[in-house]
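Shared between the two complexes below is chain A, which has chain B as its partner in the first and chain C in the second.
So, the complex of A and B:
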């Protein structure tokens, strides 16, 4: 064994130093800075001053806008994650059954994943345009339904954003499911077929149970990502003159509220408290995911 | 016969889905070249009678869009190149070099990947502001020069490189940096391609960070154009669609050229196990 190996290779410190320095300044310092700020009142004009748990107390007990943001966000997560996963799972299973042309479909479904979220939101804003102008309302009218004032009626803002997000996330989820399905032994399907199972039964009794690890991963990632929704609602509710949350805060999400408090109202201590509540939630989910995977 | 019928049904479902995936893009493109009198026709038309580029002309004269494209290209390229170098170098150290505290530091990096970006936004803004970097390329580039995830990816790939190759190079008299350049980097190419795609894409599409650190029209990156159009010209649909197309098209072309690498890359970069 060479001497260098016994003594170690301190040059390693040099190799990791640039990255570590960057992380110290732009990740670890902000991480603790944010924690500190969440216990202060900081409005940029004056230096932060310590107020203990007051921000958290106000957020949780005295701020109806925070709870509006929380409700909208949970509504969004519940609306997007299960539906998006069911559709993409069925599509992925169908795709794996296709003898040819898999790649073409994968590419087409994947395009929204590589598209800027704000560009997607801009396009869907036009698709969701009110009265008879938007393409979606045109379809509704053709189906004999009433056109919907999607982005200006408090009831329909979040559903519109959800429909867009489900659409945008299909290809991304499909890639995971396709990868998972391709590892399922073909013999399981053959055995199921011999037992007389049809496509749907094989999907339900072979594909779904065998995909459990992938499903857990996609569900948790989906919840974490959806919980942080911002750019979509920022664009879709923007430009109406109604502020960050759109009409009656109907499109206000947790991250929108953070942005509103931090960068519109410049209440940076308060916004940091919101950030840490989001962090806590994401952390909790990650722990749950690890528990589920360990089983 | 029964199997064929099922296959046809599956193909039809997938095709209808694929059409629904493409339709918004088609609608974006077609709306951007419709003259105003055709844009709000009822029923809406899927073709254009008299296509016009006037919205693009308007867009490029109203806002410094060409400058924004250059800004985005510069920021995304600089961040990508830097990540390729810094992450592979650190990845090599974490995978193959021995020094006290190595695994503890690596663990801290892994935990950093879990931190949601929102938590870093406000202090990040304050730090950049106190450095006097607001509204400069420094603010857009420097905080992203290296990503924990990139190091993680490079380390995982480097672990699979046999120690024998490194030992042989060491016996040949190469120093550690020489080994990194001659042995590690060439073998790391697939991982680096993945990292490059992921980094460039996420930088090109990045919206929130530029939104808070950019203050003037000359410093805007491309996605910010959408934000501006949305805020100031919200009613001008054709202009919005032209802007959306300008943001989308470059990445779409690169994606179509390197589709397999893209899909594999995004897939790999999402699995952080």
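So, the complex of A and C:
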């Protein structure tokens, strides 16, 4: 855009000013504020006290809970992102071929996305109730399987949170895929059909390659969002004993650890350092993904 | 990450907003109630006679348990505290040490003396430390043993009777459930006290979880899960009692109203009993509750104290309880005088009173709240992963010592 064109439209700045102002106050200022705090010891009551890289040093080398949280988060991302994407992609493709009721199903699948995660997690907490008292276990028993101590056994806390998150995230991804699919020229499908391709072959050889840009976007967003998983952990592991994270920290993720340190223990400096480490990880992952995409 | 920081700013803005509305209204008192909206409204209604009597207006706002602790802390940091706040039992010591609360022992010593005599001693130990008192009891909750009268011939009176009963029940595929304190230090606490142990020495200067009593209690608590089938999972109390699969349940007194409302089909088939006595012959239960504290900065200490005293009057507590029954906020009054008029089944009332009188709350020692998660994971390591109780408790004891000294 040339300089003269910008000068010709000063009114444009006025239009974006409110948004910019809000962005500056509520995003940029806290962003840099927390960067500063990550180098301090700050308990809210007393003013911040500069301690250099001590928070980061402790986190990376002396805090086993942080690494537990890191492992759990990676486990969550690996468990949720691919599964969620595969299911929602297949669903989106299947919905496109429905002769009628397409919109109804789209709405149904999208409802969890616009429902508060807190409400969803609270309901799923009941579904995950122990022994035969939870609906999920009831079904398992009916199928002749053993009931699972979902939310109070170190092995199953994370899978329980993952199952819920995959379910709750289906609609969001599906909308992107549906939009992507509707841009694929119908002629490609017709040509494939003429060549004798069945539904799965058309899905695999037409839909998936044509959706590459959408897929990359959904994967990147999925990883960024999953890395910051919080509400479901907070609701599903909270209230059972001491604080957040579930039995033996089996459900502790990085943002929930941040919350625990910052808003329960009020170590704001330490929590800010965690925030910047999360930022670092997400940034690194995104850079790697961009490299892969460029190839 | 950005989300977290947006919430920081929002929290601050909220706290500031609330505070400003209260501080500009210099003619009245503001009270924050940690709990339900319904109970805040009940207090608002109950404040009317107080306003007529004294001319002081009261505004009571509910804040939820989840955000209460951070809301108080940010309010203190921003200098926009309410005049009165209800809080968890151990918060008073914490906020008091920050200088945010009025030391009531010092400011109103005469009244405090009277109040102390009217309430349960175990509760008092949790809120007073080194002759500093940052709040008086607002309500009390207590652990009791629920049992199905048609399935359990008699509630167990001792640990021995409990295990014998559990063995008998197991043969009929019935078990016990621990609800309030499941896999947690709150569930371990009564057994610790019943075994003659404690978290700290009486002066609160040294932790005492490296004692044989503490180990014995943890072994007993573990065996309830590993040997006697207490579920290591969460099951709704109402369901367990209704089906009869769990004819014994260790839970809090609030389930009395809960069961009456949501399990009418077993009405008359269940009752409550005191916890079984441990080796010491005591049936100590865990006590929870809220306190009412006065914030130092707003400087309306005298008026605030009058209202706090008013809420402690038996007649007012009785009304609060009666309103609470309808909204499932029926927490027990801390003033023993109120109990005579409490509309409740006399048998249950006797059990609750006995348990509250013998019960103990969380320790008021320095560094306690910072180490509960260490204790909690030790208990879970022992029960879920088969770790050695002695080794784990020694580790916890060291952590508690460290936390005590670093303050």
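In the analysis below, the second predicted complex is superposed on the first by the 256 of 295 C-alpha atoms of A that agree within 3 Å, B and C clash if a C-alpha of one lies under 4 Å from a C-alpha of the other, contacts with A are read in each partner's own complex, and residues count from 1 in each chain.
One rule holds for everything that comes next: a contact is a pair of C-beta atoms (placed from the backbone, for glycine too) under 8 Å apart; a residue touches a chain by one contact, two chains touch by 3 or more.
Note that the structure is a prediction, hence the values are computed from the model and not measured.
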Three-chain arrangement built on chain A, chain B and chain C clash or fit: clash
Contacts of A:23 with chain B and chain C, given as first, second, both or neither: first
Chain B versus chain C as contact partner of A:265, first or second or both or neither: second
First, second, both or neither for A:45, with chain B first and chain C second: second
Which of chain B and chain C A:83 touches, first, second, both or neither: neither
First, second, both or neither for A:249, with chain B first and chain C second: second
Which of chain B and chain C A:221 touches, first, second, both or neither: first
First (chain B), second (chain C), both or neither touched by A:133: both
Partner chain(s) touched by A:109 [first = chain B, second = chain C, both, neither]: first
Partner chain in contact with A:149 - chain B first, chain C second, else both or neither: second
Partner contacting more residues of chain A (chain B vs chain C): B
Part of chain B, among the options 113-121, 149-157, 167-175 or 257-265, whose backbone runs into chain C after overlay: 113-121
Intersection of chain A interface sets (partners chain B, chain C): 25-27, 30-31, 33-34, 129, 133, 228, 230, 238, 240, 255, 258-259, 262-263, 271, 275-276, 278-279, 282
Complex contacts: residues of chain B adjacent to chain A: 6-7, 10-11, 13-14, 17-18, 20-22, 24-25, 27-28, 31, 40, 42-44, 86-87, 89-90, 92-94, 97-100, 102, 105, 109, 112, 114-127, 142-143, 145-146, 148, 151, 167, 170, 176-177, 180, 201, 204-205, 207-208, 212, 222-223, 226-227, 229-232, 234, 237, 240-241, 243-245, 247-248, 251-252, 255-256, 259-260, 262-263, 266-267, 270-271
Chain A residues touching chain B - in the complex, by the definition given at the top: 2, 4-5, 8-13, 15-16, 18-20, 22-23, 25-31, 33-34, 37, 91, 94-95, 97-99, 101, 103, 105-127, 129, 132-133, 135, 138, 167, 170-172, 175-176, 179, 199, 217, 221, 224, 228, 230-231, 234-235, 238-240, 255, 258-259, 262-263, 268, 271-272, 275-276, 278-279, 282-283, 286
Residue numbers on chain C that touch chain A, as the complex places them: 1-6, 8-9, 66, 69-70, 73-74, 76-77, 98, 182-186, 231-236, 239-240, 370, 372-373, 376-377, 380-381, 384-385
Chain C partner contacts - residues on chain A that touch it in the complex: 25-27, 30-31, 33-34, 44-45, 129-131, 133, 149-154, 228, 230, 238, 240-243, 247-249, 255, 258-259, 262-266, 271, 275-276, 278-279, 282
